[in-house]
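These notes open a run of structures that come right after.
Shared between the two complexes below is chain A, which has chain B as its partner in the first and chain C in the second.
Up next, the complex of A and B:
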C-alpha cells in the first residue's frame, strides 16, 4: 500500500531532479520514505535520490515498487498552485495512482517496472577533491561556459588552493576561479576533468540556487554532485562520467 | 552468449564470398546456439522480426547518427563524414566508438539476448518523445559496445548487414545443423518456412523434433504466407506445352491478396505479407457476406473498375498506402475480387491438387458475387485456349495464367506450376539503389536511377543498369520525395540510397555487360510506374534477368 500527502513544490523538485536524465523511472516506496535511482540511456549520467517520510505531510508505505512516466506526473504536479498539497494513493487492484489536488482527481496509469531499464549499481568512487559551494555558483559557471563551448573543465588547483572552471570555445574562453573565501568549503586534491555541458546544464536546472552543493572531483574521473532539498529531508546525488581527453 | 561472439561470426561470414562456407559457419553457430537458437536464426540475417510479423523498427539513418553521436560524444558532422568516407553507417559507428570522447559510468558487456530484445523493443515506442527514446536505447547499446559490436548493432538497426546471407543460406544451414543436410532435408526446412515464415519456429522444431516435427508445422490463419510465383512463358503454346488439360485463368492487373477468414473475422494480406485490412473495408464486407467458410484462406486479385473497365494497377495501388478517403475511393472504383485459389478450408490445402482446391473454392463462393472465381477454362485444344486468351485481352486484362491441374501450392516459389502469358515484352520490377542530382532546370530532382535486381542466392542486390528517360516532371518530383530520405551517402551529385523503392521498368533488350556487377545491362530502360506493393526482395530476381537474356538469344538463334 501507498498513501501520501506532500507539498506540490517538494513533489515537483523530486520529479525534476530525475527527469533531467530519464523519462521513466522506478520508485521504491519504502516504509521510511521513497528512493529513486536511474541512469540515462547512454550510461553517462546517474541520479540517486531519497526523500524521507518526514518531507511528507503524511506518509504510509510498505515497500512497494512502481514505475512512472515522469513527464506525465510532472504535468499533473504542475496543476497545483504553490503551497497546495497533493495526495497520492496507489490502487493495488488497477495498478494506478490516484492523485488529488484540491478536488481535482487524476488517475495515472503506471508503467510495469520490469519494462523500465534496470537500476544501476552506484559506482564506488573515491574522489580526492571536495568543493562545497552554493547552487548559484554552479549556475553561473555553467551558464558562462555554455556561451562559448559544449564542454566544461572543472578542477582544483592543489598548490594555490582554489576551484576553477574552464571553457574553451573556438574564439572565446571562459575562466572562473573560486578561492576558499568564495566557497563554503574546500578540500584540495588533484582534480581536473572535462564534462559535457549537455548533461551539466540539465542537472543545473534541477539544483536550487540556494542549495549547498558538494562536488567531488578527481583527475579524468566522474564528478559527484550532492545536495539536499525539501529542508534537508530530500537528498540527491548526481554522477557524471567525464569526456575522454585525447593527447 | 556474448554479443561479441556473434560479431565474430558476422566477421567470418563477411570474410568469405563462398555460400558454402557461409552455410557451414552458420550451421556450426546454430548447432551450438542452445536456448538462443530462435534469436540467432533471425539475427544471422540481421533480422529482429520474423517475415510474417508486421513490426518495423522505425529507426531512420539520421536517428542512428544521433545515437552514435550521443554514445561517442562526437559531433554529428564527424559521424556523417565517416559515413560518407566509408560508405557504410556501421563502419562509421565502429570508428566513432574507437575514437569516443565520452566515458560512461558503468559499462556492461553486451549479450545477444539483450541486444535482440532492446532493438525489438524499439518498435513498441509510439507517440511524443518516441524518437528520443529510440535514440537513447541505441546509444545505450553503443555505449557498451566495442567497435565491432557497434558496427553490427548499427547495421542491424538500419537493416543492411552486407553479409551475403539470404533465406536460402539459413535454410541450408539449419538442414545441415539439425537434419543430415541432404537435399530433402533442405526441402523439409524450406516447406516448414513456407508455411510459417518464421525461422524461430522452424529452427527450434528442426532441432527438437527433426524432419517429422517440421512436417507437422502448418499454415495458421492470420499469419500471412507468401504467394506462389508464375514463370513467364514464350507465348501460349509454350505455356500449354506438356500439360494435360491445364487450368487457364485470366491474368488480372490487380492487387494480389490473401484473404484470411477466421470465425467471421477477415484479414487481408499483400504479397509483402503486409496487413491491408483497414484499407479495403469493401473487400472485407463482401467476404463477410459471401464466403461460405468459417476458416479459410482465399487467394485473389483485387481489381478496381471504372464503369466496367479495370483501372490500371498503378492507380489502384495508391489505396494500399492510403489512410484517408478510403470510403470515397471504394465508392468511386468498386472492386471485384477475382479469387483463383483456396489454400485453407478448415485445414491446409497446400498439398491438394489444384483442381481439388478449385472445386472447393467454387463451393465456398457465390457465382455472381463481388468475390467470385477468376474467369477460367480447361481448354481441350490450342484453339480454345487462344479464344480465351483473346477474350482476356479484349476484357482489358493482362493475359492469362496457365496452371498445372495436379500441382500443389508452393508459397514463395517460382516452381513452374503456374505460367503467365502476356503480349508485351515483360517488364521488370527493379530496386532503385542510387541516383544522381539532375542538372539545369531539374537540378532540384534526383534522376538517372541506378537499378538493381535481387539475387536470392546471395541475398544481395545486383545492378543491371541506369534509367535516364521516361520520367515526367511529376514523376521526378515523386521519385525525389521518395529517394531523398533514403540517401545513405553522396559523392558529388551521385547518391547511394537505401534499397526500398521498387519501380516497374520497360526496356528494349538485355545485353551482356561488364559495366554492372550483375553482368547484364538493360538497353533503353524506361520508367513505367512505382510498385508500392513490392519490397526490394520481391523485385525481379537475378535469375529472371538471366532467363530473359537467355530467351532472347534462343529466339535470335532460331
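Up next, the complex of A and C:
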C-alpha cells in the first residue's frame, strides 16, 4: 500500500538528485518515509536519499518496493506548477502508479525492481576532514574548475587550516581557498583527492545554492557530500570515488 | 609518395606528451594497430601469438603494449575503425586497387632499401586486418573500456570529423592525410617512445595563406592515397601553382595536365563519408582482469603481455566505490 500527497517541488528535488546518476531506481516505501539508494553504472558515484513522511502533505505506506523510470516521473512532476500538489497512489493489482495533478491523471507503468541494478553497499568511510559550506560555493568551485579542466582537486590544508579547490588545465589553472571565516564550519585533517568534474558537475546541479553542504574528505579517498532539502525532511548523501593519479 | 610530401607543407612541432594529459584523442585504429602489429611480428616469436588452430593474434600483444602510453598520461583514446569501401564507385575501387598494387611495388623497393618507416607505412596500406584481428581487437578494447567508433568508410576521415565536432581534442594518426580530412590538430608518433608531434591545420593554412580547399587541391597535385599526382609537381611547385592559379582545375588547365577522377578525389577529402551517429564514454574503467583472461584464452604467451598489463593496472585513473565497501 502506498498513497501520498507531496508538493511538486519536493518531488522534483527528490527525483533530480537521483537522476543525475542513474536513469532508473528502486524506491523503498517505508512506513516513516521513502528511501532511495543508487550507484551509477561505472560504480563511481552513489546517492543515498531519504525523504521523511513529514515532507509530505499526507503519507501512507507499509514497506513496499517499486522501480521507476526517473525521467518519466520527472516529466510528470514537471507538469505541475510551483506550489501544486501531486497525489501518488500505487495500484497493487496492476503495479502501476496513479498520479494526479489538479485533475490530470497519469498512470505510470512501473519497472520490475529486480531488473534494476542492485543497490550498492554504502562504503564505510572514516574521513578525517569535514567542511561545511553553502551550495553556491560548490557551484562556484565546480563552474570555475570546469573552465580549465576535466578534473578537480579538493583538499584541506591541515596546517594553515583552509579548504582548497584546484584545477589544472593545459594552459590555465584555477585555485580557490576558503578559510574558516568563509565557511560554515571546518574540521581540518589530511585531505587531498582528485575527482572527475563530470560527476561533480552533475551532483552540483542537484544541490540547491542555499543548501548547507557538508563535505567529508580524505587523502585519495572518496568524498561524501551531504545536504538537506524539503526544509530538512529530505537528506541526500552523495559519494564519489576519486581518480588516482597515475605515475 | 605524395602523402609523405605533405610534411613539407604541414605546420608540425614536437610537444611534450604531458601536454596531452586529460585529452581525448580520436585514433585512426587501423593506422595505430598496424604499427604495433608490425613491430610485434618483427620482434616476437610467432608461437607467442599463434593459437592451436594457426590463427595469428599478434594484435592482442600490440594493443597491450600500445595502450599504456595513453593510460599513463591520462589520455582517452577513441579507436576509430575503418568501415567498408562503402559507396565508392566501382571505377574508384578499381583505381584504389591499382593504387594498392603500386604501394606493393613501393613496399618492395622500401624493403630492398631497408627503410623501416616506409616499410611500416606501406605494410599498413597494403594489408588488411584479418577478420580475427578485427574481432579480437574490438573485444580486447571492450574489456579495457577503450571506446570504439565504427567509421562508415575511412577511419581517418571519421576521426577528423569527431575532432571537428569537438568530441575529441585531437586526431591520432601517422598520416599527413589527416590535414586533408580537416583534422584541426593531429598528434603523430603516438606509437613511438619519444615525444609526439602536433600537426596544426589552421597554422598550416595560415603559413601558406591557403584555404582548406586549396590545401586539398595542392595535395592532389602532389599526389594522395587516391591519385598519383602530376609528374614534376612537388610541394613547393604545388603551393606556388595554387597561389598563382587559385585552384586545382586552373592549375591543370594552365599546365595542360589532367588527373583522373580529380573531382571525386577532391570530394573524398572535402566531403568524406562520415557519420554523426556515434557515442562514447570518455571515462575509461578498464577491467584488466577480464582483459588478461581474454588474451590468455587466445593462447598468447603471458610473458609477452605481462609488462603491458602491469602498466595498465598501475595507470588506472578513476577508481570505483566498491574499492571502499
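Here, the second predicted complex is superposed on the first by the 246 of 247 C-alpha atoms of A that agree within 3 Å, B and C clash if a C-alpha of one lies under 4 Å from a C-alpha of the other, contacts with A are read in each partner's own complex, and residues count from 1 in each chain.
The working rule: a residue touches a chain if its C-beta (ideal position, glycine included) is under 8 Å from a C-beta of that chain, and two chains touch if they have at least 3 such contacts.
Because the structure is predicted, anything quoted here is derived from the model rather than measured.
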**Message:** For A:149 in the superposed arrangement: first (chain B), second (chain C), both or neither?
**Reply:** second
**Request:** Answer with first, second, both or neither: which of chain B and chain C does A:23 touch in the superposed model?
**Result:** first
**Message:** Per the contact definition in the header, classify A:241: touching chain B only (first), chain C only (second), both, or neither.
**Reply:** both
**Asked** Counting only touches as set out at the top, which of chain B and chain C does A:141 meet: first, second, both, neither?
**Response** neither
**chain A residues touched - chain C or chain B, whichever exceeds** = C
**Message:** Just checking: does A:123 make contact with chain B only, chain C only, both, or neither of them? Give me first, second, both or neither.
**Reply:** both
**Item:** Interface residues of chain A shared between complexes with chain B and chain C
**Value:** 39, 42-46, 120-121, 123, 196, 222, 239-246
**Prompt:** Which part of chain B faces chain A closely enough to touch in the complex?
**Reply:** 70-71, 73, 100-107, 129, 132-133, 135-137, 139-140, 142-144
**Prompt:** For the complex, which residues does chain A have touching chain C?
**Reply:** 39, 42-46, 120-125, 149-151, 169-170, 196, 198, 221-222, 239-247
**Asked** Of all residues in chain A, which touch chain B in the complex?
**Response** 23, 39-46, 71, 117, 120-121, 123, 196, 222, 239-246
**Asked** Which positions of chain C touch chain A when the two form their complex?
**Response** 19, 21-23, 71-74, 281, 283, 285, 314-325
